[in-house]
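Letters A, B, C and D mark the chains in the order given here, with residues in each chain numbered from 1 onward.
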């Protein structure tokens, strides 16, 4: 089985590193080739890494509440780079405070994310879906 | 920046040029007028001075409660603090700074601030104090009737300190290690140490003028399975570095690990270790107090369960006689808390503190043993650090981190070696599965090995990285030790 | 009724006539069919047997959580229990009986039950099990998947026991002292002791047929500043009296006093004392477990503060390794709790229990001293009681209460002398300001005097009744020790 | 100053004794002559005690939630005994659960109580009013 490449990182000025390390381990154990950019990752770094590694998906984390601002324009930057149709997920604490989930989800879908995950998502909660979305 | 770094006191006059640059780095820097600021501080009633309030609590043997809180807009932030004061019955107030400001991205903060005002909700996870400037910040200090502290996570907090201290804040959290290693990725440790020497020297200047400002290294670091010896080492070093710059009122911090004996032992050794190493530097006139952070790792989503975690933290703080406790909320695993949730958590905390006010964890062999372990481990780390620094704590810190002699688990910084692997023992105390380059003597190494083997036997699995993962999720899944499912 | 009272085992055959009378005292008594009941119990899965569940927890060193709950209507009561099971994640279930039933006023209960059904809200403060009868009660036992206990406060619970045990309940709270002195005014102690010998003999009969029913004397008594030696004395006596009638599975209770060391010492001495006195009676085959009651006195009205009290109680239960803990709710000072509040409190409790599961209060001189005090005080009371009873515990209990050798503070019963006056010492432990006729040796008397003088000095007031009043209000006003305002 | 007589008791099958003892102490300290019937007091006992002691007021406590049932008809019994206009208070946890206070108050006013007090009422919260109502 050929292994799919995913780019992983925590966007913006966010330094929450623990979930990122856990995701790297879980995705690697699940057979993915993981390119982990760590924390404090800019949009540019995400785009470049996806291009360079010919990635199949981008997994964006945001824990600290600024995702709304930080993720704006990422899909557009990917389109501009010629990989506009790459699969893209986002997960974490996406907004400041505890807002109605359906609204949060809609907001980030509109920003171009294919799937949006709420706080406390466990690896086993989304990895099966990721495999399906990547045709595994 | 960090060329020629030493732990010696900076010359105030030589700092002039740097100050001018710092103050020019954002328009509000112009508002800083030290003479006017000193005048304001002199008129501030004693009960609004954070440092004095802490000393009073220490003298009375009381533990004070302090929340975290910060929103973008000035008026909303003031309302929030007033609510926590009146409905939360809090002893101390915070002003938590947003994450853009923490990275000195004032432009982004400005944009988000404007958008927040426009949308009528905070798009920032804290209060952008630099953007609000001296006059704005002063409205906070003047508007409340509890002492207020600046809480953040900023590797380079020079401008933030200039502005908030000039505005009348009387306490400033952070330090060159504790606000770098867990809060940054590529800021060289020497740089942040030097930035924080500036901050400490500024506080020292206020002190020279008769105004005591409280300084507090950030104890919990990454908040995730940080064993006492790691956070104590950082606390002692930052305490010494601050004292060298003339700081006289220091609060040393520690984040709850979860095993009651380990937590109380940690609190009991924190100031004694600091005194020991300060004395060795010939420093005897620093007032030390302690802060205990309620559980800093992942919380349970269920608010009822979160109340339990909050109360347990308060219990350890009270039985360990911390001077203050930083309060989490039942919204911890949901997002930034509402003011109601924040106030409730303070009241829960205060009820525990009050009910345990006259009690302490009784002295016992187990407690003494735990203290001894912490003392030996921390001394091993600190002595090696000083050795690496050839007698200089600032240099020693840089070299110790490079060598993994100090090593913070799960830290994002590339200047942290990241070779240790903590895990809980069978009673929930945080131990080391791998101690990397921590300079532990053989008997301490054997102690950790034995403790984890004991757990392994109880769980019928060899000690391994899976234990660490299980421990990380454990509290949010309703327990302390991550037992196999 | 109590003529010829002794602690000897009642003859089952001689009880026939009395049983017929009891069962005839309310129409549902007719539904009791012992053979059918035994058949039902035999088929009940082991995990639904309360006694077995407790022994399992004891073996595993776990503390189980149990709420209180009861409403008038059968379906509503079943729904309530299912909610506590599914949303409250409870380990054990209760069925709390209403206050009319407790006074054998079945007519009043019937009226209020009808009115409750008509109005669609419970006008009763509990579940009128006698009125619902065997078939009704069995719907409860069959409807849930946790063991269920009958909890009440009934001096004469003979009919209630006949009906609920026949229905399949596997645990029954109460005792001849603990369900009289705090729950009645004019019921002679000899009478209630004899009523409860009937209940225990009935349980003994089930036991003879291979069905173990758990029995639990009510530990907290009046719930108000009851020192461990008082409740321990009652628990040991009721334990012996139950064992004499053939009961083999007994849970001894204690209500949180609030000082952690005293609470843990109380839990640690409870079973050891009972074993000591049971052995002296030649009884060695009784399985003892413990129950810790979260704070039983007045609660704070604020729910956030009530959470703190709940968590502190859970902490003491866990660190003292109680077999189970009875859960209060955040509505304690507001009225009978909603099912939501009840479930939340169980989840708070379980989070504390789980997080402390692998920890205990470390052994220490302070803990040992506190245990020693409790042992000496309780032995003094129990030895004097046995002496008064000329070797008979039932007679001894009657005479000890008459003489004030056992004396429960704030008890409504006229058969309680009411000469003692408890008050907290400077660390919050419950001591005696006046010990009335408690047969304390001189050194124990001096101990109490010294402890209260110490508090008096700290508060700059002589020990007096005002301290007691202040202590009664203290927890609901946010602290443990009632300091002068 | 002549001292007024108040009859105090916990009505019905209610055994909550602590508040009752505290009230006895507080009222005595405040200069009242207190006739304390204790707990488990029937309507009949209240009426008889008031008659016998020529009382100026009756203070009924109910903590356990059954007051609604227990206190029904007490005013009528007093009227029948010829002391229908005696001042009568009730206080405690008057209903089962935590119900809207204004409704609870109205319910007990209708049952003939002159004043109705919610849970956690302290002696100092109502004794001044009692003095006023009795013209002290």
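Operating definition for what follows: a residue touches a chain if its C-beta (ideal position, glycine included) is under 8 Å from a C-beta of that chain, and two chains touch if they have at least 3 such contacts.
Computed from a prediction, not measured in an experiment: that's the story for all the values here.
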>> Counting hops between chains that touch, how far apart are chain A and chain C?
In response: 2
> Between chain A and chain B, what is the gap in Å from one C-alpha centre to the other?
Replying inline: 30
> Just how far, in Å, is the C-alpha centre of chain C from the one of chain B?
Replying inline: 45
> Between chain B and chain D, what's the gap in Å when you average each chain's C-alpha atoms?
Replying inline: 55
> What positions in chain D touch 2 or more of the other chains?
Replying inline: none
> On chain C, where are the residues touching two or more other chains?
Replying inline: none
> Taking touching chains as linked, do they make an open path (line), a single closed cycle (ring), a hub with spokes (star), an all-linked set (complete), or other?
Replying inline: line
> Which two-chain combinations touch?
Replying inline: A-B, B-C, C-D
>> Using the touch definition from the top, list the residues of chain A that touch chain B in their complex.
In response: 12-15, 17-18, 21-22, 25, 38-40, 64-66, 68-69, 93, 95-99, 119-120, 122
>> Can you tell me which positions in chain B touch chain C when the two form their complex?
In response: 258-261, 300, 302-305, 307-312, 314-315, 319, 343-345, 347-352, 354-359, 362-367, 426-428, 475, 478-481
> Tell me, which parts of chain C touch chain D in their complex?
Replying inline: 99-100, 102-103, 105, 108, 111-112, 115, 121-125, 153, 182-186, 222, 224, 297-298, 301, 331, 333-338, 410-412, 465, 469, 472-473, 476
